[in-house]
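Both complexes below contain chain A, partnered by chain B and then by chain C.
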Partner chain A sequence: MRTGHFKERTAQLVALSDSKVVWSFAGLLLALVLAAPFLIGNYQVTLLVSAMIAIVGAVGLNMLTGTTGLISLGQAGFLAVGAYTNAILMMDHGWPVWLSMPAAGVVSALVSLLVGVPSLRLKGLYLAITTLAFAFIINHVILYAEWLTHGPNGIFVSGAKVMGVDLQRGKALYYLTFGITVLVVFAALNIQRSRVGRAWMAIRDHDIAARVMGVDLLRYKLYAFMVSSFIVGIAGALISLQIRFVNIDVFALILSIEALAIIILGGLGSIAGAILGAIFLSLLPEAIRLFFDVFADTNSSFYTTYVYEIRGITYGIVIIAFLRLKPEGLIGLWRDVRKYWSNWPLAY
Partner chain B sequence: MDFLLLLLASGLVSGAAYGLIAMGFALIFKSTGVVNFAQGELVMLTAYISFTLYSTFELSFFPLMLVTIPISMVIGLVLERLFIRPMLGEPIFAIVMVTVGLAVVLRGITIMIWGPDPYNFGAGIPAEVVLVGGVPFYPAQIYLIGALAVLTAAGWAFLRFSRMGIAMRAVAANETAALLVGISVSRIHAVAWMLSAAIASIAGVLFAANFKLAPDLWFQGLRSFPAVILGGMDSVIGSAVAGLVIGVIENLFQGYVGQGLREISGFIVIVIVLMVRPFGLFGSRDIERV
Partner chain C sequence: MKNGLLALSAFLLASTAAYAADPGVSDTEIKIGDVNIMTGPASFIGRAVSVGSKIAAAEINEAGGVNGRKITIVTEDDGYVPARSFQALTKLIEVDEIFALNGTSGTANVLAMMPLIEENNLPTVVTTAPNELVYNPVRPSVFTVGASYSDAFYAQLKYIHENSEPANAVYGLIRQDDDFGGAVEAGYDRAVKEFGVKDGLRIRFKKGTANFAAEVAQMKQAGVNVLANGGIIAGAANILGEARKLSMDLQVASVWSEDMPPSVNLSAPAGYDYLVADYVALSGPAIDAFLEKAKKYASDEEIGAINRYTYVTYVGLKALAEAMGQCGQDLTRACTVEKLRGLKDFDTQGISAPLSFDNPEQLSGTAVAVYQLNAAEKTFKALTDFADY
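Then we have the complex of A and B:
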């Protein structure tokens, strides 16, 4: 049993993990997820793809809201920008998907400057409302700029091929999403412990104090907006590949709330939390469906009629319950369990 | 000229609805520091309840409101007790997120009870067109503008003269100091929620009487944000006036600039306002110390 703090070099302090057990568990998990498409059915693979897209989006939002403390209700707007950029570039301009996807991220990041610059003086609730306003404006621009976005008709997305492999078929899309998820998570973990990430946390904890200590608020807040929406834009592009049809209805306001629910539920500011929250919330509708199938046979028509309402109510209840009972989220729950495990049979 | 007059008139009508909803926001923000994202849902829920009362008992407008307002105040109180009170002392962000969660729950429940189809809801208001200064108005529109005028005056008098109103301003100014001089802060919070729910019910019924009672009524809550921001989130009277301004601006945009701009013109206005004055036009500037 280790009894003290034995870190002697800075490298040890900032390492992602110093425990061989953690690394081997992570490796095992990776191998398992890699093998998953061969072990489970197509439907479950689709679910996993949605969960992984949710992870990408949640990690992106977490940079802005969890790490930097800038509350954003505009997630749906950035997702829409990413998805539409990808769809327009692929379908109307014939870009290959490996170019159009990064482009979706870049365009999202550029658009985020449009909302980021006016929001620099704002914080807290005023910022939340401005980002909400931004999501509205984006939706309307998409709806009315028919020459670019086909307005209410939406765009079908097909023919995403890399070296002859159809990326939109089950397994290929799975591995693409998986690769991007791993990349994004690692990038996020590394950004968080870099100079930029630490500056973000200082801004979150107290922005005026951070400025006094020499953090350039303007620059770092803009970085947060750009990095976050770059990732969210990629998530949007993945959504467009998965559902094969982008339409403004996909990016309704509830999506922004869902995204916030994910990171609150997982544990604000923690990347592992964002992952846990994304998995939990994207599989939750499935759990509800199963529940209605098994326990409420006579009511399943009730479920199909009110599927959106039931989903919304569940999200709401999950948000309220977690904020009330476990504000640190799932990751806090996990820490408690771990502490309990190592201390047992003692309480502390 | 007639076109302009018509635009102004209908702008004032929708602006009055914004103003009423914004007053509800501001009242809660002023005394508790929380933006109640569920205000639009409160508007929707109370409007539907009023609709059920109306179709069961066939009341005319004033008796209907006499029943609806107390019911909505009870709803406001219950929501505050169940969801907001236990969060006392938590960070503001957490409380605001609770109201966001509350909003989606209320929305889902309302649609599940009353179904997704819109209703015609006259609210017992006569339907003959009245001419005011040459401009035709429906009585429901006049009721809406009248309600805003009455509530603004009542709100001003309440905050200026009544014991409760003064206590509310004290809580808004400094919660700890208010506690020290013997004001029950938790009671003030409850009263703020009750009054705000009452205003929401008036806004909801009159909005439904003017337009339609449909499940997207909750959206009016979000649509009123520009008014709240323009008026400053902690200025009850300011947000009522700002509601009218936003309503008129939206209609002028619609009439002279282009279709489809109506919905977002308000938001464009607030983005500009916030760039110039990050705390709203009539809001108070926060002074922060490290």
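Then we have the complex of A and C:
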């Protein structure tokens, strides 16, 4: 008989899930997401693509910040590196997208060494500021290396085709992004329960204790930087495919802050949390827009003048309220619901 | 039987016409999209744009609309973020099913929307980003209202060279390290070469820079007394503020954003009566008449938000309506694009030089007039008429 969520063997502990119900729901969810483009409109498909790209980026950042405890504000920089690598290789060197996308991840991972190596002995706010400085440096490099990046002019990205299918449009882009998202999520889940993942968590929880246990801090921190940046670079490449234009303005610093907000709101250290946070923050503006559209006719002059500010303020209030009332994030809320469901009618 | 066949033929013809019609057009309405900066520090631009569209649409609708169809403006906010511009235009096309686009945000934002615009052959009048990247290479359905920054700076420096004639003139340039800054430098470069004046110093700064103490000190050291100020809004004001601290005697040429009331309020305290070249009028009877008209169609708050971007968007929508009107009842995007391409000397009632898109770049409003700020009164007087440079 199942008794709550207690684990009795190591295999149970490291299994992705020991519940058939969870696997059934996951299968159902996957089927729904696969069928979505046939059930909803093109705009909603675009929103889902944006949300999935946010998931990929958030999972990447979560490996570094949530799992390893290394705070990074350089997300925008790595996204830019990935996007520009993909754009340059595709448009200036004629690489096919199936080669340029992984290359975007590899280049981003290699570039992460530039910030990773000097930052190995830093943590907390010191590391955050270092990674922030990296984002600024990338910004400058992109602007001044005109021979490579076309400087402020940016690059239009087109012609991402595989076997004649245009990967930058509607359903094709959706399924490409979906496939990459599933791959990234499964890779992240597996890395987290591997030796490397456990070492990262040990570093996050107490780095001195981890070192005493034999974890090579420098090596594992570098691994974290590289894996995280590889995934973020892929997210950048996806952005370039979706927007079809890369320019330094696309990768403003606010992206780094939003990425951090996603993983904090979702629940630090949890892949599911990163997914929930990315979906929540990507779709929140749309939800707010729909909410205000309902009232648009009741006081139209008021909304005509202030609706955009009200939307922005509501967005901020929702985030503040959430963090104040549920600091462990959306995943904490989900765990509470699950606990309540399992234990009902008992409280504990 | 014969009548039945006739009725069937008529029905088929009618339904063919219905299927041939492009999105955003019904018997009574034409939906025009507007992607703009409605939130964030630059939102005063987006609000001004929005008011321009609103006034033009109200005026057109009151006069019977475009061949009986009323114009409806659907605005989406992009917060000046290119990725959101793309998202916003996707929404306007897919959900709101707009027929054409009038308000178009900043340069990178328009460029991010460009693949969608081209894919949908969306008639687009670019009103807020007359950057060369937008009209070169030319996109068939994109029409740009506005002069080039290069011409605007050249016009001002030419005026200074020919009229102010400062003694021992040393020219200097300070500009952003982006495409816009590059365009400013092109105008400066043309001027110093053509006039044979001393090119004292050229400085690039990073977009978003707030402190210009070192840059202005360099200017002073180089003896600059004619400054091409490529800073925008707070940046431009900070440059002038630093120059005032160093008691520099300067003739200043500025970006057209510096004729907006928020910019003037920031810059005027430095006390420089700087020049601005613009492709829309800043004062005079045309503007007085426009403001009178605005009282009829806009709220007090919206009137308070009016600035040069309002005028640009107003003339942009009027030009678009003119082209749509020329298509008659069979309004399609292809026809509108065709008519826009043929638009010549469209009268804007003095708000700008007449608009013509019948040129290879589909760029209109290339003529600029030079204005001078009275820093004490925060007003502008025209120094030249609209002229092409």
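Operating definition for what follows: the second predicted complex is superposed on the first by the 311 of 348 C-alpha atoms of A that agree within 3 Å, B and C clash if a C-alpha of one lies under 4 Å from a C-alpha of the other, contacts with A are read in each partner's own complex, and residues count from 1 in each chain.
In this section, a contact is a pair of C-beta atoms (placed from the backbone, for glycine too) under 8 Å apart; a residue touches a chain by one contact, two chains touch by 3 or more.
It should be emphasised that the depicted structure is a prediction, and the values quoted were computed from it without experimental measurement.
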Chain B versus chain C as contact partner of A:Phe245, first or second or both or neither: second
Partner chain in contact with A:Ser158 - chain B first, chain C second, else both or neither: second
Which of chain B and chain C A:Leu346 touches, first, second, both or neither: neither
Partner chain in contact with A:Ile208 - chain B first, chain C second, else both or neither: first
Partner chain in contact with A:Thr46 - chain B first, chain C second, else both or neither: second
Larger contact residue set on chain A - chain B or chain C: B
First, second, both or neither for A:Val294, with chain B first and chain C second: neither
Touching partner for A:Tyr144 - first (chain B), second (chain C), both, neither: both
Partner chain in contact with A:Ala133 - chain B first, chain C second, else both or neither: first
Which superposed partner A:Val21 touches (first chain B, second chain C, both, neither): neither
Residues of chain A that lie at the interface with chain B and also at the interface with chain C: 140, 143-144, 254, 308-309, 312
Chain C to chain A touching residues, read off their complex: 38-39, 43, 77, 81-83, 86-87, 90-91, 93-95, 106, 108-109, 111-112, 114-115, 133, 177-182, 206, 299, 301-302
Residues of chain A touching chain C in the complex: 41-43, 46-47, 50, 140, 143-144, 151-154, 156, 158, 239, 242-245, 247-250, 252, 254, 301, 305, 308-309, 311-312
Residues of chain B defined as touching chain A within the complex: 35, 83, 86-87, 90, 92-94, 96-98, 100-105, 107-109, 111-112, 222, 225-226, 228-229, 233, 260-261, 263-264, 267-268, 270-271, 274-275, 278-279, 288-290
Residues on chain A engaged by chain B in the complex (per definition of touch): 71, 118-119, 121-122, 124-126, 128-130, 132-134, 136-137, 140, 143-144, 206, 208-209, 212, 253-254, 257, 260-261, 264, 306, 308-310, 312-313, 315-320, 323-324, 327
